[in-house]
Amino acid sequence: MVKAAIIGGSGYTGGELARLLCRHPKISLEAMTSRRLAGSKVADEHSNLGGFVDLKYEQVLDVKEKYDIVFVAAPHGASMEIVPSLIERGMKVVDLSGDYRLSDPKVYTKWYGLEHKDVKNLGISAYGIPELFRDEVASAKLVANPGCYPTCTCLGLAPLFADDAVEERVIVDAKSGTSGAGMEPTMMTHHPTCGSQIIPYKVGTHRHSPEIQMALEKVSGSPIELIFTPHLMPIVRGMLCTSYVQMKRTFDKEYLLRLYSEFYSGKRFVRMVRSPSISSVVGSNFCEIGLELVGTSTVVVMSTIDNLVKGASGQAIQNANIMLGLPETAGLDFPGLGV
Amino acid sequence: MVKAAIIGGSGYTGGELARLLCRHPKISLEAMTSRRLAGSKVADEHSNLGGFVDLKYEQVLDVKEKYDIVFVAAPHGASMEIVPSLIERGMKVVDLSGDYRLSDPKVYTKWYGLEHKDVKNLGISAYGIPELFRDEVASAKLVANPGCYPTCTCLGLAPLFADDAVEERVIVDAKSGTSGAGMEPTMMTHHPTCGSQIIPYKVGTHRHSPEIQMALEKVSGSPIELIFTPHLMPIVRGMLCTSYVQMKRTFDKEYLLRLYSEFYSGKRFVRMVRSPSISSVVGSNFCEIGLELVGTSTVVVMSTIDNLVKGASGQAIQNANIMLGLPETAGLDFPGLGV
Amino acid sequence: MVKAAIIGGSGYTGGELARLLCRHPKISLEAMTSRRLAGSKVADEHSNLGGFVDLKYEQVLDVKEKYDIVFVAAPHGASMEIVPSLIERGMKVVDLSGDYRLSDPKVYTKWYGLEHKDVKNLGISAYGIPELFRDEVASAKLVANPGCYPTCTCLGLAPLFADDAVEERVIVDAKSGTSGAGMEPTMMTHHPTCGSQIIPYKVGTHRHSPEIQMALEKVSGSPIELIFTPHLMPIVRGMLCTSYVQMKRTFDKEYLLRLYSEFYSGKRFVRMVRSPSISSVVGSNFCEIGLELVGTSTVVVMSTIDNLVKGASGQAIQNANIMLGLPETAGLDFPGLGV
Amino acid sequence: MVKAAIIGGSGYTGGELARLLCRHPKISLEAMTSRRLAGSKVADEHSNLGGFVDLKYEQVLDVKEKYDIVFVAAPHGASMEIVPSLIERGMKVVDLSGDYRLSDPKVYTKWYGLEHKDVKNLGISAYGIPELFRDEVASAKLVANPGCYPTCTCLGLAPLFADDAVEERVIVDAKSGTSGAGMEPTMMTHHPTCGSQIIPYKVGTHRHSPEIQMALEKVSGSPIELIFTPHLMPIVRGMLCTSYVQMKRTFDKEYLLRLYSEFYSGKRFVRMVRSPSISSVVGSNFCEIGLELVGTSTVVVMSTIDNLVKGASGQAIQNANIMLGLPETAGLDFPGLGV
């Protein structure tokens, strides 16, 4: 068994990593840290793990222990303080924060308001959407695990941009469940605020914007203009991205569906469907994609994921599997709830 | 007191008309019809009206009675069978169905799959968004009360199109509460289907598309291309339309906000806000609008209404007030719930 | 017009008071205070009030101003610091906190963990459920506005206890929307925590327990044993209390329904129905009650209210109306949303 | 591999059986039937199963095939027409309907309004809550899979009744997600009806009442009086039962917790926790139980399950495992979602 640790295991993504790793056939979860909860049982914080995870939170990882893979589920800013020593000690790392996602440190500074403190490892990190950038992940020591919005959006749009089928301007109208906001209570995630409405927020200014743009430009090879509007909606898990692009030439729907089928051929976790559904993917690492042609030239792409699985911890494990030479689907090969 | 009747009073819009009319200072609700519920008490079907509406449903309107205003809350197809005789008998009519909204009967046939049977009254009907077409409403004998999506979208976009400020292509990503689907249970509104997700439906094919296009073209004086994606979301009341247009020239946000303020000056039910909220308008006839500039040239307009009030029964009463020469806000001048 | 002020107008009950008072035909809202928001516009905090409430928050009430009625929407502990000087200056007060509800200061100390600092006014305060204790309210200078759970429970059970029809032990299984928890974000009201489940909390230890017991004992004239389990459920507004009592003798359902009808005869805001519904009362000051006989001797009573209206601000205005000699229903006589 | 079939695979419990069986290490799902969907792909109806279940619905089971275990997910009334021939052909059966749960056919007729047509097999069926009646399940050819409410209630109360610790009268206030109502849209599960409220229904008259009573009497050995109030709440999956019993003698909480721990020692799927949570069990076969002592003598027991897993399909597989001599937890040993 491969040995794994989670740094920052108190939040939703940490809990979700543990939920998935505790049943992983090849990876053994051996340590979880949390400064706030050090000394207490993991199953006391995440009661669903009772009987599955028999660990206590540690303050920090024991420096004498070596893990094959470390998942860093710390906030941005904190990750880049932690990752360098892990890499130095020869451990492979999947970082779930935003610290290693934006390849240009100036772009990082612009969007996160911080100097990047680990430019060296930023340079060697791979951006981990395996369906798009598998080779880089396979050879990486450090994988930057993408944000939920970028994962859902880029899986939905990549075939079109890879085929040079659409104009550079893309409008993404994204709707996320509230667990994407993390475990810290805020006025916006306060149930009376968000429980009976859908709320657009950070219109054009969300930190996932440059990430989506970077990833799509990497796929496309050309510049992209992105208009990104996230919304908070009153469900806990799940995300839908409705994206709008204009075709460069006139394609029919069959052509586009074939394009997608070929692009995702052999990619276990992407499923083309007539009507993508959040319920179908909740709890699982799957992404559902559907599309429609509207008007003279517009493609409407709809994509759904579970923001905590394919949008965070599931994809992190998928990346780890690839980095470690394990079957890509190990520990993740089960269906969503469906209803 | 002005005398009013509701034809088709068993559904949500009929109940909502009664909820509002029962407190109206100038209109007296004197009759409600329902074939299904004829003979039973209105308050048995809508228990919130107990103590307020002491009527029984009638099979049809008594032909010997004359009402100053009749609200027709029948399904499309049925309305155009009912309206002609009401008009003939000299009664003013607000029709809440889709039958009199599309001025071109061929367009009606295309989208509703029916021959139009009352082209004569279609020709004289006014499209009732009072903030945009008040004069026509004021002189009309028959007002076609708009759909919820068109009301919310057009109020959000009218100032831009009236000013010739934006390109003709508009993308509307709309999210509606489930009460917009009406009272008939379906697989899509079954709670296990829709209770934990947001569902795009009728992408590019929703019947409100030609209505939005017609209304915006009337405001703009030029052709519009509309990409319209409705979504069903897990709240009961309320609607958000997120619309995307491209500016023809470069405007700053202040210019646009001023444009809106001037356009809606004196319009009681439209409120410009920083962050439009569904909760703020629920229960009321208000529409909240906000906007952001994103990228080089895109305006993102967000507008919210209560789909049953400003999107249906409230606007119907607003139209009736204008048709009858009453104060436009009579019976509607109270705030939304807020939380 | 009667002049009114709200102390502590930033929260949900303060906003709700303003929502109702701004349309009140006899009371004019002239001031609202908030230490946190002093100087800012009320309509900026509660955007639904835009166009209705044109006040700015004041730090504290101007000592030179005299109001006919002051609503104190401050937290418990703070209220008893504020109320004495208001009473002294000859103003009538409705206090929405828990400070003046429990007639015995020792019971207050036990449940709130504080010494009572205003025993004098505690002695003269009236407990304001007008349907049960109208005379005391009518002559009071200070009314303690009841909690939402006590209002809903006691209206549901009072006719049985007043008639000495049931045994002293009562089980109340209560379900509240999240707005009852107030405006402060907490882990429990964080949407990912509470958005997809119902959560029992403070089982047997909720501060509303002694209040329910006190009120029912006042109605009954004998001791009551109360088992009270509140639950937080994923809706914003509204509350259902399901209460279980055992009959002393065998009554049939008709007898009990008649008992209720007579008890609430002439009480505008209580409505006996077959199936009490939260949707029917949301937004309004109404309480719906229904009951069933189960087994040999058990009465199951179901009662619903809007926790922010009849459970807080609406009842506060109802109490104020009575204290001021206005019609009891003034400003409150409109139906709930229904759907 | 053991061979399994599902009769009636179009609904929620059928889909859920397939979701679980497709990852079962010892059971191979080989056929699913649906009259309505015969000929279409299972994954077209349940898109979450795409890539996992490659079956088409059959009209009926092929009479030449023999399965080791057949899950019958047909409506009550239909099951007792199907089961006899399966038993006759030597197949083991888990029936998920109500047809074989009530051991007395007269009680069945009273609550279901039908004559029982298969009294013979009713006589040999085992009531399948494995934590309570494992031996009977182990030797059964036919297991009646319990209802969701009885499973959740009886697991919560069994240790108290087995110990003769409580009086015979028990009050169960149960709250269920909407998926428990099945796949057929109705007025009650219509989102506008149930999406913003909690609705008590069939108070004292729900068909699960006699089932709960029968199971608890079997555990207790004495008569029980049950007051059962189910509520529909606005979540899709999950159930909470809040039960109230009176102690015969005075026990302290530690005693009761020890009683539960011992009773459920070695029972994998029951977890004692401080605060039972629906989120912790959703997606899984676990039941969480917590309790509080209130007043002089009342025990409040709270228990949660996923109504589609432990309340239906998961428990059916658990029963099948036992009947087939497989490890009881096979295919079910994973945690709930947690958030």
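So that you can tell them apart, the chains are marked A, B, C and D in the order they are listed, and the count of residues begins at 1 in each.
Simple rule for what comes next: a residue touches a chain if its C-beta (ideal position, glycine included) is under 8 Å from a C-beta of that chain, and two chains touch if they have at least 3 such contacts.
This one's a predicted model, so the numbers in the text were calculated from it and none came from an experiment.
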Shared touch partners for chain A + chain B come out as C, D
At the largest C-alpha centroid distance from chain A we find chain C
For the pair chain A and chain C, the C-alpha centroid-to-centroid distance in angstrom is 45
Chain A and chain D have mean C-alpha positions lying a whole-number Å distance apart equal to 35
Chain C and chain D have mean C-alpha positions lying a whole-number Å distance apart equal to 40
Touching at least 2 other chains, the residues of chain C are 12, 179, 192, 196, 234-236, 275, 277, 279, 282, 339
Chain C partner, complex, touching residues on chain D are 169, 171, 173, 175, 192-193, 196-200, 203-204, 225-229, 231, 233-236, 238, 240, 242, 244, 275-279, 282, 292-296, 298, 300, 302, 304, 339
Given the complex, residues on chain A that touch chain C span 12, 177-179, 181, 183, 185-187, 189-192, 194-196, 234-236
Chain D contacts chain A in the complex at 12, 15-16, 19, 22-23, 46-52, 179, 196, 236-237, 268, 271, 273, 275, 277, 279-284, 286, 288, 308, 333-339
